[in-house]
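In the part that follows, the structures are each spelled out as structure tokens.
After this come two complexes, each holding chain A, first together with chain B and then together with chain C.
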Partner chain A sequence: MTSVARSLPFPTEVIVGDKLSISIGPQHPGSGHFRIIVVLEGDIVSEAIPDPGYVHRGAEKMCEFRNFVQNVPMLERTTLPDANGIIFPYILAVEELMGIQAPPRAQYLRIISAELNRIVSHLYWLGIYGVFLGHSTMFLWPMGDRELFMDLIQTVGGTRVTPSYIIPGGARNDLPDNFKDKALKAFGYFERRLKEYDRIFFSNPLVLKRSQGVGVLKRSEAIALGITGPNLRGSGLKSDTRKDEPYSMYETLDFDIPSYPDGDCWARGMVRFHELYWSMQIIKQAVEKMPSGPFRSRLPLLTARAPAGEAVARTEAARGCMSYYVVSDGTSKPYRVRVSVPSFRNMIGIPYLLKGGHLADVPAIYWSLDYWPVEADK
Partner chain B sequence: MVAPNALVGKVNEILVQAIGEPLRYLVNWGRLYSLWPVHVETACCSIEFGATHGPRFDPERFGLLEAFGSLRQCDLLIVFGTVTRKFAPRLKMIYDQMPEPKWVIAMGACAITGGLYFDSYNVLPGIDDLMPVDVYIPGCPPRPESVLQALIMLQEKIRKSKLR
Partner chain C sequence: MSLVRGVFVAFVTALRQLFRRRMTLRYPEEKLEIEGEGFQYDAKKAIGIPGYKGRHILFLDKCTGCQLCSIACENIADCIEMVTVEKKDFPAWVVPKQLAAAATFPQNKKSLWPQIDFGSCVFCGFCVDACPFDALYMTNEYELTSYTKEGLIFTPTQLAIPPKEVGKTVKFQVEEMEAYHG
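For the complex of A and B:
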């Protein structure tokens, strides 16, 4: 069966024996720009083959033709919902290569922007997840509340989704004066909203029926498959790069890592739901703790050269552990940039999770992983 | 005395002149405010399209309906950004499956010229070679407001278009 599905350029519906192979995506609303070839026996999925690569834009190769600073906006576009989080490790690696140290204020500014992006990214996920569980209210509410945080990102970085705010040497600009008031007002409102989210969605009996016990990923399986981020924490492992290997100034902040032992769609959702709350707490503390001083060590020149060498950095992006490996040969352009994205590692779990489940559960399981195809394909 | 055939032709002409214009207006008016977009995401611009569908921008008040359902019932194809070599045949297939009349909006720099990825080995330099485009939305990604503006421009175009 597998060979039949693999050999066709566009396998649509193929029947072999009592098995039916159907292609979900890349156009189907349930999968985004990604295809899953699902082999069905009746209503039960007997095999699922992910077919990524519809958005492969060659970001790694293109990094070699642009210099270190020009790469910031380009790499940012691999995951637009989480732009600041995704570019964070690249900046850390480039700083290590160039021997620049960002001033303490910049470190906090980076935390603020990365956590704002985490909230925005989780809200976007919640909207899409809600609508694919058949809960339209859960599309409209997060999308509406997300605009509040979009406004905050706009006050910090200037644009809605592509701020390119974190640059080698610090942050691009300082916080505006009204940021604190605006942020506290938004957080106060959103913390009240979280209770309503819980009431209408996460404790909703219908949603519980559709997500509890669906797509169970055991703790040992999650570790063996190399799942990362909220999906790993949803399987009961308290693993978060922010705590395990603190970078920037995360060690000075007091926050908790939510984790649920169940490993099902509901647990993965609850982890992200609690992360919304904790990200707000992190931003509140960072705004308080932020020392005054310069927000950038020096303006990076477009032609800034890095001495020959290599650097690795990893951080916790919204979808999991994100790392970059940058090699420089002494010119102003990197010799090689290796991007290791969390989405791709979470995709490895898709065949295991879908197998044995119902066809109707495919969207629920797929979206509970918060898979972002553009990020996985690079 | 005119021949009966010519008479029929005359009556037809008069009829077309009398109701052709109101009919065209009526049909276009009907199409104008019920645009069903195809739900096909090609790249990162889709996140701003998702935001456009949120309550703050709400495109339904202009007549852009939600992106669900079969593409054989859709009449608007919005291409969100980058089209890669792997996706291009799919996109063409999607376009060919849509019934007439159909319109195409190219959203984002990538869909217009390849944008940021103009020199990539796997990205098409714009979608013009694949399908006729009605409205281009510049930006990377375009703000939701510009998506709404493109929608209004497209509606102007539909309002003026001939009946097919």
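For the complex of A and C:
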């Protein structure tokens, strides 16, 4: 009997002619829970084959056995550093299905939690990107400063990761009284700190040599491949769901979408670097603009039903455009949930960008894409 | 920026860090101070009260044994099991004072209580949201290690005990140019 599930076998012949195949990953050196089979000719990559699926858990199928609210803690777990960001579209889709709308205060609370998670996610990325470029200070600093924002997430949502903070119908709890002071203090420190990040890393000539002109993705190619998120903006296209199709209350906030025309590893990094700054500005404005009032509608937690129908929602998560398609058959559990994750859409860039480059550039290019295997495998 | 100048600037920037206080929390000698009393839920107003989501606390004078917490957890982590514990089986010091003389818990005739397996709990707090009698809250306790898997199953008696003192705690502090624990 032949197995239906197909996984890429490692080539039986490691050396064919003057080509050598090596496997990068799946258990670390450099790629997380994900394997790239790299075929080398000397030092040049002649082919790169991504092999996803190592951490596939069947999140979409699991959704069908839980009710609409119980799905929240489970779906958050696909991207731990961006838990609030990736659950956002699910919440919007379920609300559309149920025909309810979150109170305005809740919509701002969601923006705050999602932007905090964007900062945490980008700092986590910056740490790993830094260390794979051989800059270990850039590993320690972001990982340390991430603590500021983890602390803020804990103040709001109760846990450092996966707070299950936003649910259909609103947010679980209000901001604690000291949140504003704490946040402003942290942002003041971190804005000054970003200048140091720039001096030590983003305009450090050694890092520029390592990242400029490496893994260039042209604007037209990025569009053709369907790349999304900061990677697309790093190729010069100002495309962001928060601006293009404003959801929640993003239309009331004033922020900029950073974009760089170069399309190389450095440009993709700079986009995220500027997003750190803009996320803080968004949170500052949201805290100011937030109306007082209710923040949670009285939705029965255990028995909330959605009338039969379907709904789609998309938002901008830390890694790009994230969308959910939820079908209900009128019971308290979804009939089908389809998740479209940004990491999977960005994976197509990996073989494309690695080809023709040096083996030593593989980690730089791979990490500049901020690929998160668990998110892509679901 | 020339190569030499750029490297020099980066070097000086990194050097400054040496004179700042350390971010590192020296766990377990010192522990982080957590603000608040833990995540709680006001069932009347149907809103959560922000706080840390640590190990749960069960109030024996409020829980009616209605099982709603267990049903809420059913498809999340399946870690709440309802168990029967008679009043006489609780150690006298966990029983609230005003009920010390009574033969049974008046609000919980069947003596059914939740028992939580912290080996699989994900600390989402939806059981707290589900409790209609404010009988289940969360606390700031997060040190829940055990040598066995069974040791992580907290019986109603263990859940009723308030969190233990953690010893020396430090605050996470942010200043102009440094963030540190201390």
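In this section, the second predicted complex is superposed on the first by the 362 of 378 C-alpha atoms of A that agree within 3 Å, B and C clash if a C-alpha of one lies under 4 Å from a C-alpha of the other, contacts with A are read in each partner's own complex, and residues count from 1 in each chain.
Keep in mind that, in the parts below, a contact is a pair of C-beta atoms (placed from the backbone, for glycine too) under 8 Å apart; a residue touches a chain by one contact, two chains touch by 3 or more.
Just so it is clear, the model here is predicted, and its values are computed rather than measured.
Once chain A of one complex is fitted onto chain A of the other, the partner contacts of A:Ser46 are absent, as it touches neither chain B nor chain C.
Within the superposed three-chain model, A:Thr162 lies in touch with chain B and with chain C [touch as defined at top].
Applying the stated contact rule after C-alpha superposition, one finds that A:Glu147 touches each of chain B and chain C. Residue by residue along chain A, chain B and chain C are tallied for touches, and C comes out ahead. Residue contacts after overlaying the shared chain place A:Thr252 against neither chain B nor chain C. Of the two partner chains, chain B is the only one touched by A:Val374; chain C is not. Of the two partner chains placed by the overlay, only chain C lies in contact with A:Leu206; chain B stays clear of it. In the superposition on chain A, contact of A:Phe65 is made with both chain B and chain C. Look at A:Met74: by the touch rule set out above, it reaches both chain B and chain C. Residues 65, 73-74, 144, 147, 162 of chain A contact both chain B in one complex and chain C in the other.
Here chain A touches chain B in the complex through residues 10, 26-29, 32-33, 53-58, 61-62, 65, 73-74, 77-81, 124, 127-128, 139-140, 143-144, 146-147, 150, 160-162, 374, going by the rule given at the top. By the touch criterion given at the top, residues 38-44, 46-48, 50-51, 53-56, 67-68, 71, 82, 84, 86-87, 89-90, 93-94, 116-117, 119-123, 140-141, 143 of chain B touch chain A in their complex.
On the chain A side of its complex with chain C, the touching residues are 65-67, 69-70, 72-74, 137, 141, 144-145, 147-148, 151, 154-159, 162-164, 172-176, 178, 185-186, 188-189, 192-193, 196, 199-201, 203-206, 208, 295-296, 298, 301-302. If you check the complex, the residues on chain C that touch chain A are 1-3, 6-7, 9-10, 13-14, 16-17, 23, 35-36, 39, 46-53, 68, 71-72, 74-76, 122-126, 129-130, 138, 172, 174-179.
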